[in-house]
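Notes follow the structure.
Going in written order, the chains are labelled A, B and C, and every chain counts its residues from 1.
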Amino acid sequence: MSLLQVEGLTKTFAGLTAVDSVDIAVADRVFLGIIGPNGAGKTTLFSLLAGSQPPTAGRVVFDDVDITGWSAQKVARAGLVRTFQLMRPFESMSVLENVTIASLAQRSRKDARRHALGVLERVQLAQYAGTSSGSLPTAGLKRLELARALAMEPRMILLDEVLAGLVPAERAPMIELLRELHGDGLTVMFVEHIMAAVMALSERLVVMHDGRVLTQGVPAEVIAEPQVVEAYLGEDY
Amino acid sequence: MTDTTARPAAAHELPAADDPRLKDTWARRQLLVLVAGVAVLSTLPLFLGEQAQSVAIRTLIFAIMAVGWNLMSGFGGMFSFGHAAFFGIGAYTGAYLLVDHGISPWISMVVAAVLSAAVGVAIAYLCLRYKLAGSYFALATFAFAQMFLLIVQNVDALHKTEGFNVEILPSDSWSMLQFQQGDPLYFWIPLAILAAAVLVSILYVRSRAGQYAQAVRDDEVAASSLGINTMRARLIAVALSCGVTAVAGVYYTQYYFFVGPEQAFGSAVSVEAIVPAVIGGIGTIWGPVIGAMVVGPLSELVATVLRNPPGFLSFLQGTSGLDVAVYATLLIVIVIVMPKGIFGTIRDRWRS
Amino acid sequence: MTSTTTQGEGPTRFVRVGRHPTTVVSVTVVLLLAAVFAVGGKDNGLVTQSIVTGLLLGGVYALVSIGLTLIFGVLGVVNFAQGSMLTMSMYVVYALVSGPGLPVYLATLLAIPVMFAFGMFVQHFLLNRLTSTGSHEGPLLVTLGLQLLIANVLLMIFSGRPKSVGTPFDGSFEMLGAIASYSRVIAFAGAVLVGIALTLVLRRTSLGLSIRAVAANAQGAALVGVNVRRVYALTFGIGAASVAVAGGLMTPFTSLTPSVGEQFTILAFVIVVLGGLGSVLGATIGGLVIGLVQTVGALYLPGTGSLILVFAVFVMVLFLRPQGLYGAK
C-alpha cells in the first residue's frame, strides 16, 4: 500500500504545462529521489503535492485520503510537510521560536518549546537556539528548514534541494542526518541535483523532464537508461 | 486519521524540562516594566496642573490607539491607514448609547470593542480574501474609514455633522464615568485602559495566536506550509487591534463630552494612531507608548513656544499648523533614519 | 489558504470580462446614464448638466490620477501626498497671481517646473533610500508625513482663510444643452492635452522607454545601462508636474484652502485602483467615470453624499477586480 499516490497530476500556467500527467506512488518508509534538468517541473510538483498551488487536473491521495486541492495548511496538518529550496525563516524570530511555531501544531506552548529544542538537538542546531534566525549561515538555515518540518511530526517530508548551497564539507553530515531520519521511519521525497547524494540515499528514483515522468525505478538501473542520459546531456552538458 | 505515536520524527529525545535554554523570561520582564511604569505614571496627577493633566490624558488616548494599531499593523503586518474607522465606531457607540439610551460607558466599551472587532474582521476578511496586501491593504482600510465618515455625516440617527453632546451630570458618577473637572480619575482610568491594552499586547505576542500572526507576517507561504491557518491568525490580530482602538474612542467621547464625525472618523485620527507607533517603533511592545509620549505633548509644547516665541521665531507668532508640521517632519525623519523607531533602535543597540 | 483554490478559477473568469475593458466600461456607463434619463425621475436638463460637469471634472481628476499611477507603476510607491502636492501647486499659482500679478495660465506654466523640481527633490532625498530597499510601508509613511507637512506649512504661510484667483476668461457658454464655464472647459482641454503629451512621451521618447523599462524590471533596466535612480527622480518629477498642471487649471474655479487637495488624494486612489495601478489609460477612463459618478450621483445624494457612491464603486472594484480595469494580473 502506498503512503502517497499521485495520479495524472497536471499544472498549466497560461498555456504552459509545468507538470504534465505525473503518476508516482511512494510506499511507506521509502526514500524517493527526484532528479531532472532545471525547469523539469520538480519544484512545481512539490507545490502541488504540498497544496501551495492547486493542480489543474489529477489526484493526490495521501494516507488513503484524497487531498487534491487541499490548502497547504491542511496538507501539512495531515502529515505531509515540505521544505523550501530558498530558505524561508521567520526572520524576526530566534531559531528556537521558528521551530516552536511548527511544534505548536500538536501541543501546548510550554511543551512545544521543549519539543522544538529536542528537534534542534536532533538536527545539531541546538547551540543556535537563541540566535536570530536571520543571522544563520546557509548550512544552518537548511537545517532550520528541516527542523521546522520535522517539528510538525510528519509522516512524509518533501525536501527541496536541502543540499544546494552547502559546501562539500557540509554535505556529508547532512546526508548522514537524512539517512538517520529515514532510518527512524520517515518517508522522504527529495529533489536534488547532487547525484552522489541522490545515489547514496534513494531507494527509488524518479526522473522528470519537461514536466513529465521520464522514467522511474531502482536508482542504479534508472540512471543507466539511455533516455535519461540524453535528457541530461541535452540540457546541462 | 494518523496515529500520532507512529510518527517517526518523534523518535528524538526530549530535553529536560528545566533545560536553561528553554527559559523564557521575556513576558515576565515586560510585565515587571508594565507594573513599574503604571506605578510611576499613576503619581503624575499629583504633580500636574489641570492644563498639563489634560495634555497627559490626550497622550494616553493616543497611546491606547497606537497600541491597538500596532497589534494588527506591527505584529500582524497588515498596515492600517484607516484606524479612524475603529476609533470612530468606539466614540459613536459610546455617544449613541449614552446620549440616546442612557447606557453606561463601561458597557459601551464592551459593546464598542465587540462591534469594532466584528467590523474590522469583516473588512480585513474581504481585503485578505482578495489578496490585498501592502499598500493596497492600507488604501482599502483608508477608504473604508473615509466611507464611514461620509456615512455618519449623512445619517440622521447619528446626528449628521452635528455630532453628539454628552450631558454633564450634577454629581460624580462611577457608573456614568463622570467626575469633577480635573479629577485625577480622568487620568487614572485611561491609564488603566492603556495598561490593559499593553497587557493584551504582551500576552498576545507570546500566545499561540500571536506567534502564528508574526510567523504569517514574516513569511506567509512558509507559515501555511507549517499548518498555520493564515487567515485565522491574521483576523485574530485585526479583532484585537480594532477592539482596543474602539475602547479609546469610547473614552474620548466621555472625556471631551462631545464627538463629531471629524473627531471620530476623520483621516487625522488614523494618522494619530499611526504616528506614535511609527515614531516609537512598529512591532514592539513599548514603541507605541513611547511614541505617544513624544507626540502627545508636542502640540502643547509648540503652542507654548508660539505664545511667547524667542526672537528668531517671532515670525511664527499667530500662525497655526506648526505643531502638525513638526510631527510630520519627525515622522519623515524617523522613517528614513530610524526605521525601527526610537524604542526599536535603542533595543537593537542594547542587544548588540 | 482556502482562497487559493477559489483563486484558481477566479482570474480566468475576470479575464474574460476584462478582455475589452473600454467597451465594458463605456457600455455600463452609457446604460447607467440612460437609466438615469429614463427612470431617474430627474429633469433631463439637470441630468445633462451633471453629465457635462462630470466629464469636465473627470478630465482634471484624470490628470491628478495619471501622476499618481505613473509614480506607482514605476516606483511601486503609493504617493499619499498627491493631494497635498495639488494644493501646493495651487498656492504656487496663487502666489504668482497675487504677487507679481501674472495671469493665471501663465502662472500655471511657471508652476510646472517648480513642482517638477519639488517632485525630484522628494524622490531623491526622501524616498530613494527606502524605494531601493523594496519596503512598501516606508515610502507610504514618508508620503503620509509629507502630506501633513505640506498642508500645515501652507496653513502657516497662507492661513486657513479661503483664497480665490480670478480668470481672464470669465463667463460660460452653452454646450450640448448644458452650461459650461470657460475655465472648466479650459481645464478639461488642458488636462486632455497634457494626458496625450504624457502618453506620447512615454511611448515615443527614449526617456519614456527608460521609464517603461524601469517600471517593467528595474534590475534588468540597470543592467542595460539605464540610470534607475535618475528615472525614479524624473518619474516623481513628472508625476508632480502633471499635478501642477491640474492644480493650476483648477485654481480659477476652486476656493483655495490648505486642505483643499486632501479629498483628491482619496479620489485619485479610487480612480487609480479603478483604472489599475500603473495604467495611464486606466487612470483617464477612471477619472471620467468617477467625475460622472460624483456629479450625477449628487442629483440623488446631495452634499458629501455623492462621495459615498464614489467609495461604493471603489469597494466594488477592489473586491471584484483588485487588479483594476486595466491592470495586468
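Everything that follows uses one rule, which is that a residue touches a chain if its C-beta (ideal position, glycine included) is under 8 Å from a C-beta of that chain, and two chains touch if they have at least 3 such contacts.
Predicted model, so just to flag it, every value in this text is computed and none were measured.
Taking the mean of all protein C-alpha atoms as the reference point, the chain centroid lying nearest to it belongs to B. Chain centres were defined as the mean of their Cα atoms; on that basis the chain farthest from subunit C turns out to be A. In whole angstrom, the spacing between the mean C-alpha positions of subunit A and subunit C is 48.
With each centre defined as the average position of its C-alpha atoms, the distance from subunit B to subunit C rounds to 32 Å.
Between subunit A and subunit B, the centres computed from C-alpha atoms are 42 Å apart. Across the assembly, subunit B contributes 224, 229-230 as residues in contact with two or more other chains. Among the residues of subunit A, those touching two or more other chains are numbered 52, 71-73.
Of all residues in subunit C, those touching 2 or more other chains are 1-2, listed in ascending order. On the subunit B side of its complex with subunit A, the touching residues are 1-2, 4, 6-15, 17, 19, 21-22, 24, 206-208, 211-212, 214-215, 217-219, 221-230, 283. Taken together, the subunit C residues at the contact with subunit B in this complex read 1-3, 7, 77-78, 126, 129-130, 135-138, 140-142, 144-149, 151-156, 159-160, 258, 262, 266, 269-270, 273, 277, 301, 303-305, 307-308, 311-312, 314-315, 318-319, 322. In the complex of the two chains, the subunit A residues touching subunit B come out as 50, 52, 63, 65, 71-74, 76-79, 81-82, 84, 88-93, 96-97, 100-102, 104-106, 109, 113-115, 117-119, 121-122, 126, 129-130, 148-155, 181, 184-186. Per the touch definition, subunit B reaches subunit C in the complex via residues 79, 81, 126-132, 134-136, 138-140, 142-144, 146-147, 150-151, 153-154, 224, 229-231, 267, 271, 274, 278, 282, 316, 319-322, 324-325, 327-329, 331-332, 335-336, 339.
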